[in-house]
């Protein structure tokens, strides 16, 4: 390879700075200079005319499935998918097999991420042993491990015991941790298959009522306020949840929240043909919920977009609805879906997208190395995106091992062109580097 | 082009009346010395039953055989399905066998929809989970029409005079829907595929449907359905031309849908006292199997108002009509209405 | 052979039989039936829907006028026995209604409006076979337009009408269509 390993990106627009095209120089793992007429003899040049540059995206919620479900995804394939989606860091959820409830498992996942090298992997630790909801896992040990866990979640399951949730919230204050709650009252959602509403009544599928999410969110916001600890709410899916979070934040309570790309675009009407590719937890809801979630993301009530990328093997998604697994992939399509749902509708500009998909998730995840706005001295984590790429149908064939994307066949705008991790390209011209 | 019968919502009024009229013509087959028609000779019909239901399976089998079709019975127990073969693989096997139609009964809502995506033949839904059971609704509508519309006379069709009055009566209903009839469906609507199909089909045919049940056994979104709702059975009885009782499973008590079988029976069971409050012409129906003493008293089930036995015979006739219309020609005939 | 009437151009094409000619043809057929069945002994008339049915009733009425004989009358729908079912969408069924005595041992006179390929009559014979065992089966038609595809012939014919296969014969009867007429037009022929 010629040159000194540095990169000069020409003709790019940085949302949030002035809207004129400029150049970015990346060298030694950092952004070293930004300006209209940069030059650097040893640098490899990228002509980025018409592209925008975002700080490398950070996903607060991904399922990499390794260890245990390597038939669906591995750290290698999942992080490759992430890089292709413009992500430079992902938080790997703890519901693996074995569960990530000890320093040993989280360090294993962390090491697999470093070896794969496509993006940074920040393991999430389980709140309770085995996700059983009974006993706290060794949160402190996981925090002190090489993986430096700060986000703890039983995602997949709800920490439904209020006393245990209180204890967990209190305990992590010692090391600036945050509990990420999957809000789903188990008693109200036994056997639930689809949002409780007109569709579930018509299709004869057991309903998943919105109140089962909202009641837990309300409870946990009050608990977080009471003990003064950080609470993060995973995959918020209802209008009522957004309203409760808005109220909690108005009181100054330490609550943050995320929403998935699919909950910003899709509704339960898609279940009409009983195709389990649309089966997800929490379920797709109504137009009214989608509208309120978009508003909440736009005004910052919901802090960030998190994919909840949930890969499943073909046979888990090809059966009758009740037998099928819950979950949708999302890493590779996230930015395009957000463009469709938020930018094209005028609700959020690209500077706002940078905030919701990089800056805030990094802050919530306590990832000090990521989520820095692009300025000289910032780490070299950067995503180049073409918002004007002609809308193309999403294929289910991608870098992820799994094919369960609900957007298959849908025309979405935009294209991730390049992803830089610590100044080195992980993705160039839309392909793995 | 209508290739499948998966939901009662697939049928327009014209489609439904055509099925009922066709069933009317096929009903006399049972009185003939040769109870067979050659129409589906050479067609293969597969009964794919994942749930134990001898009654429904035999009904479909009789219907197919009376039309001279070849019938293959595939029951889930003791087959590769019991060993965990997926629905998709079973479907592909049936495709390879050249099934012209697959009649499926399955415990999961949506199974018939999924199957329709994997086979080239016609799919008839014989009951999928708590979703729908369209041929049950058709035989119920046929039963109601024969009992209650014949005397009113229908429109259209050529009347041929004959001393056999009941035949004239039945012929008089040809072309008719169920306009103006008031049907009350009682019981566990939330978990009932029979209720869902009947609400759709009966209202398509012009009947006024009311659901009577405790609030816990009604879907939250029932307000969007084409029917009325009442929590008070007694107030509905004097206005009802038809009372259709749904089976209530006693296990629902353990999931807190109602406090006890006794209280359910007291508030929503059809006993002799309640039956006496029905109008003189009103009929009592039940899709079977019955919980005698829970939702329906023995003397009601055995009374002259009860259509429970003729519903069985009408089931074969109605299913023959559906099989003929779906498989007898190149496609289900267009009835000029869009669904 | 009937006397040819002067063709008059009508709304559906050329007129072949006007109401008076239809009436006379049916009267003649009624007499012929009585002649050939020893005064209508054991005869039942079965009309093939749609228009064979009112024709059968008219014949029964005439026979009743002439002989004071009550000839049992009914209908026989042949849809389920047709040999061309798989070529079209499924057809709606017509009424099958047998007189109380059934068909066993009877002389069944099938009645239809037009005899063409003969396949409808073959289907009627098959349908009849499943209903019982008549002593004999005869066929009465208002119009025989030729082009038989099977060895089938009518015993009683109102009018022999040579046609080409591209032409269409329209039979209208007041019981069904408000007027009585038989016309022929030159549209795409239907089998």
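A, B and C label the chains in the order they appear, each numbered from 1.
Basically, a residue touches a chain if its C-beta (ideal position, glycine included) is under 8 Å from a C-beta of that chain, and two chains touch if they have at least 3 such contacts.
Bear in mind that the values here come from a model prediction, so they are computed numbers and not experimental data.
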item: Chain located farthest away, centre of subunit C as origin (C-alpha); value: A
item: Closest chain to global C-alpha mean, per-chain Cα centroids; value: B
item: Selected interface, A-B versus B-C, where C-beta contact pairs are more numerous; value: B-C
item: Separation of subunit A from subunit C, taking each centre as the mean of its C-alpha atoms, in whole Å; value: 77
item: Chain centre separation in whole Å, for subunit C relative to subunit B (CA means); value: 39
item: Subunit A and subunit B, separation of their C-alpha mean positions in angstrom; value: 47
item: Subunit A, residues touching no fewer than two other chains; value: none
item: Complex contact set, residues of subunit A against subunit B; value: 196-198, 200-205, 207, 209, 273-274, 315, 318-323
item: Complex contact set, residues of subunit B against subunit C; value: 18, 21-22, 25-26, 28, 32-34, 36-39, 157-158, 160, 162-164, 167, 171, 324-334
item: Subunit B residues touching subunit A - in the complex, by the definition given at the top; value: 86-88, 106, 108-111, 113-114, 128-132, 193, 196, 219-222, 224-225
item: Complex contacts: residues of subunit C adjacent to subunit B; value: 49-50, 53-54, 57, 73-75, 77, 80-81, 85-97, 99-100, 126, 130-132, 175-176
